[in-house]
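See below for the structure under consideration.
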């Protein structure tokens, strides 16, 4: 039973922490390797840590980021996070990584990271990327990126990547938090659980209520 | 000419800074009253400041937040910001306010603040409010708020308020930054300037391309 | 017995956290809803949190801030805090609120917030407000505020509000911390427990020792 | 004329920055040696810096902290600050020092540092020291310190030192900011410029109005 | 002449900022694109910024990180930084990248980043990597990394990578600052300009004075 | 047995925390007095705290910093730390102290503090001090300090002090963290446990492999 709870907790945490933020509080010791506290579900800002005497190199290690991921899904892309949920040694260190695989014409749909800025590097393929500034301008900055190009997405702004090439694309991105979080806009707006009152979304998105309800009835794929 | 540039700059800044963040860098002096630097358009993180010897009480003052605002607009709400753009003395202090007026069935559409958490207080009326957590859960937390109720929206998460009453509603909210920024989701996604590639939005929002293009052709009202 | 301890702890915490700071450490997850750790009185910087899976909308909610408070007390004012002690969901979010009721000629006596800047909004009445800068100038900035006026008090500086009107006054203030703390100057100086050595205060305040002792013998009302 | 302005500015800054804060923003380069910007009185949070290529060892140096200071003044103590105003190289580094000389029965009157915690070391003499916690407890923590003793004063809390010995005393203290600021309570409350409305102070300090006015008419010595 | 100064300044900055820190102060606006201030060599913590109205996508862009670098140098490795010096849009965003090319048996010699933690990803080859904890343990954590492996180096700790394979190796690393700085230990200790007093180094490193002097006379290659 | 574990933990922590950082996360309450959590070796960033109701003045107190330390050791100096390990009340306060005793020609060998800047004051003797900037300049800033002189060492940079006088020297230094950490360069590089691969050090330090191995076989004294 306890094992199950532990497993659930681990999975939850693994899923809950998909990315990372420049404003992460600073470390107060060399490192603070995250553990899952299994004592009556008590949490802290960030993570509880193991006794530093018991830390090993494996606490700072992750393997397999070179492996292409399956992108046969509705959005045609897959995000592989490497943050505090995958590398416990990242706790308190304010940085993390992701690998993103894109099928031809696949995309990493418009999303934000509530707790991190991002710097993305294209390893393979051609990506049309962009971010939108806050009100009132909502100015779109876009660029077509080729192999070896790098682009920056400021913290909290809506951004996306779209594979405009006929071949698979691969990118790696760094984020300025151990756990930046990711909010896929369409999923959060139309796929929230439970659904948002359709009146709100119909007016906000200038859509017919029935369109909103049909959108809310759809399945929203989460690529990370 | 210079005056015009100054005016434009002021307006730009007034609009650019609609709200405020818990992670604002801390002050390094009692206060640092913001000024608009008119010397060759050079900026800094935050704002340049006036000589503290020249600071006056008016630098920390704003008037008229009690005045009901006109809400006869497409979304039926108006946000009146009181941040570093309105009160220069707020520079370096990490907090700001907004007043929000809602027409009956008006809403403050789904939006995020990239640099602030928010605590909202209902002065009049009845509001259905909520926020959505990040992936993978996209869990919706909602509450119907009545006069005197308070609710919290964590930094970076998508949230909204909807006036479900037959009468006007008024709320005041505090934000944890001198300049939180506001991103109205629909405006940033469908009303960006220039528009985002429709292929991206059609797939991301599971909408027909023509629907996306018609949305992008609409006028997107910014209530702040 | 445990229940009593729990109650005492809750009350202590409720009282201990009257206000909030721009330099609060940033969140490392969407939210971290505070709980009272009842395991052998162990604490952390800020608060322990509940399992995010068990968070509910009520963790982010507070009710009754519209209710006028009784101000028939020695200072003629009452502060109603809404911070992490009242809204556990505020933990890690760096902002909080207070409502302040003032009787005619009542005041919120000179005080500081060790961990927050403040922005105050006058809902009703007329207040004479001010703050004093640090040494060597100790410059006083004052303003008479009317309904709808807003004023800012920088972090750590001594400030006050005084109702100079014949009617009750009401103000709302936001603070840049989940728990700013409040230090009422007269209470901390003359009403500390135990009392400060009268020799210190007599010389510091240029008062006769007997005057100091009589002051230390008085009852010092805490309006928050 | 410019030279005079420069001198005034320097003196102002030297006086304005008596101490330093644990929450100082972090450096973004090896160092950022402060300069006085003489271009139309524009300031920033902290200080403008010189070209790092022109930095010298003297920018990180200060001399004479071993020299006993004259303490024949009303409070019988003198604070010698060593912060960003004395050592420009301290800019962005978040720490500073002070030397405090005490005549027999002299004191460093009750004060706060709005931007720093303090750790004090007694080099000579015997000091009665203490700090008072925030509301509602206003608990006084005191200790009699002898040569070689160390004591801590948390950020923003009112604290003091009193030489209870028959001989001179000397202490050194470190503060967690490049410019902590110091607020001598009695000076800020009764010696502000202009004076605070006596009605406010009479009620706050439970003193007769005439007593308040006579206090406000006194000269308030600033030992730093 | 001005152009030359500008060029020198650019080069200086390009070299001075080789990497990035989790404790970078947070942004106070959507972005603050760095510019080189050419007005009398005045600097700030971080960088001055251009008018946001003039920002373009190219301010957030860098090209060529896929290009293998020449590693025929004394240490057999070359670091290609991508930080605020290469991408002005990174200013205030708290993250940066580097590409590292290693010749067979080449190394990225023991070094520290004074302002950033690092997460490294091996794209090609086999690296023996490690870091050493602070006193008193000076515990070495090492791992042999293969293609696709990831490893973390906590802020401020001495770390290294060594290509133990017969072929070239390539790694990408992210750092938690816009300008982490890099201190190659041997270069800073034995190759400083001017040299450190040999008496200091002879005793510190338990080497004969003549050995120290001969080391100080050598050329110390800087691979970044 | 438990007592032993407790003792070991205490010793470990006492040793592990030799110094302190300007970027320490800020306090969220008046104070948070550190305790050693003895419940299954769970840790947090910084330290667990005791119930504030049980805090006493002794939690903020340390004695004996005036006592000269024995410097008859290989480096001829001894560092006496006064940080969160010695004064639990320093937890969350972002500052600490050290006393350094130097025998004639003794030194505090080249080292860095990964989490703090330092400001040093010479109480007795004559010290040759310096620090080296990061790549590419590795510029050495040095000064000969006499009694009463003060010098600053920026966070993360390699620095040292060397007693060039015929008599003992004594200095006090403040650091901008509750636990800055100290990395003695020679010890971490040549005295790590286990040793670093000699191939790495031979190439990095341009030394013969046998010299490296003989250095690694030596005993490396840790003066703090």
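The letters A, B, C, D, E and F name the chains in turn, as written, and every chain counts its residues from 1.
Here is the rule we use: contacts are C-beta pairs under 8 Å (C-beta built on N, C-alpha and C of every residue); 3 or more make two chains touch, one makes a residue touch a chain.
None of these values were measured; they are calculated from a predicted model.
Listed by label, the chains that touch subunit C and also subunit D are B, F.
At the subunit B-subunit D interface, residue numbers used by both copies make up under half of all numbers present, so the two copies contact each other through mostly different positions. Against reference pair B-E, the listed pairs A-E, B-D or C-D yield one interface repeat, B-D (criterion: more than half of contact pairs the same by residue number). In terms of their C-alpha centroids, the spacing between subunit A and subunit C amounts to 38 Å.
As a whole-number value, the distance joining the C-alpha centres of subunit B and subunit C reads 27 Å. The distance from the centre of subunit B to the centre of subunit F, with each centre set as the mean of the Cα atoms, comes to 46 Å. Counting partner chains per residue, subunit D has residues 16, 21, 23-27, 30, 39, 44, 46, 114-115, 130, 134, 142, 154-155, 157, 181 touching two or more of them. Contacting chain pairs in the structure are A-B, A-C, A-E, A-F, B-C, B-D, B-E, C-D, C-F, D-E, D-F, E-F. Listed in rising order, the residues of subunit E touching subunit A in the complex are 21-24, 26-27, 30-31, 55-58, 60-67, 82, 87, 89-90, 93-97, 116-119, 121-123, 130, 133-134, 141-143, 145-155, 157, 172, 174-176. Residues 12, 16-17, 21, 23-25, 39-47, 114-115, 177-179, 181 of subunit C are the ones touching subunit F in the complex. Residues of subunit E that touch subunit B in their complex: 25-30, 32, 35, 37, 39, 44, 46, 48-54, 91-92. Remark: subunit C residues 15-16, 18, 21, 23, 74-76, 105, 107, 109-110, 112-115, 128, 130, 132, 134-140, 142, 154-158, 160, 162, 181-197, 199-201, 203-207, 211, 215, 218, 220, 222, 224 touch subunit D in the complex.
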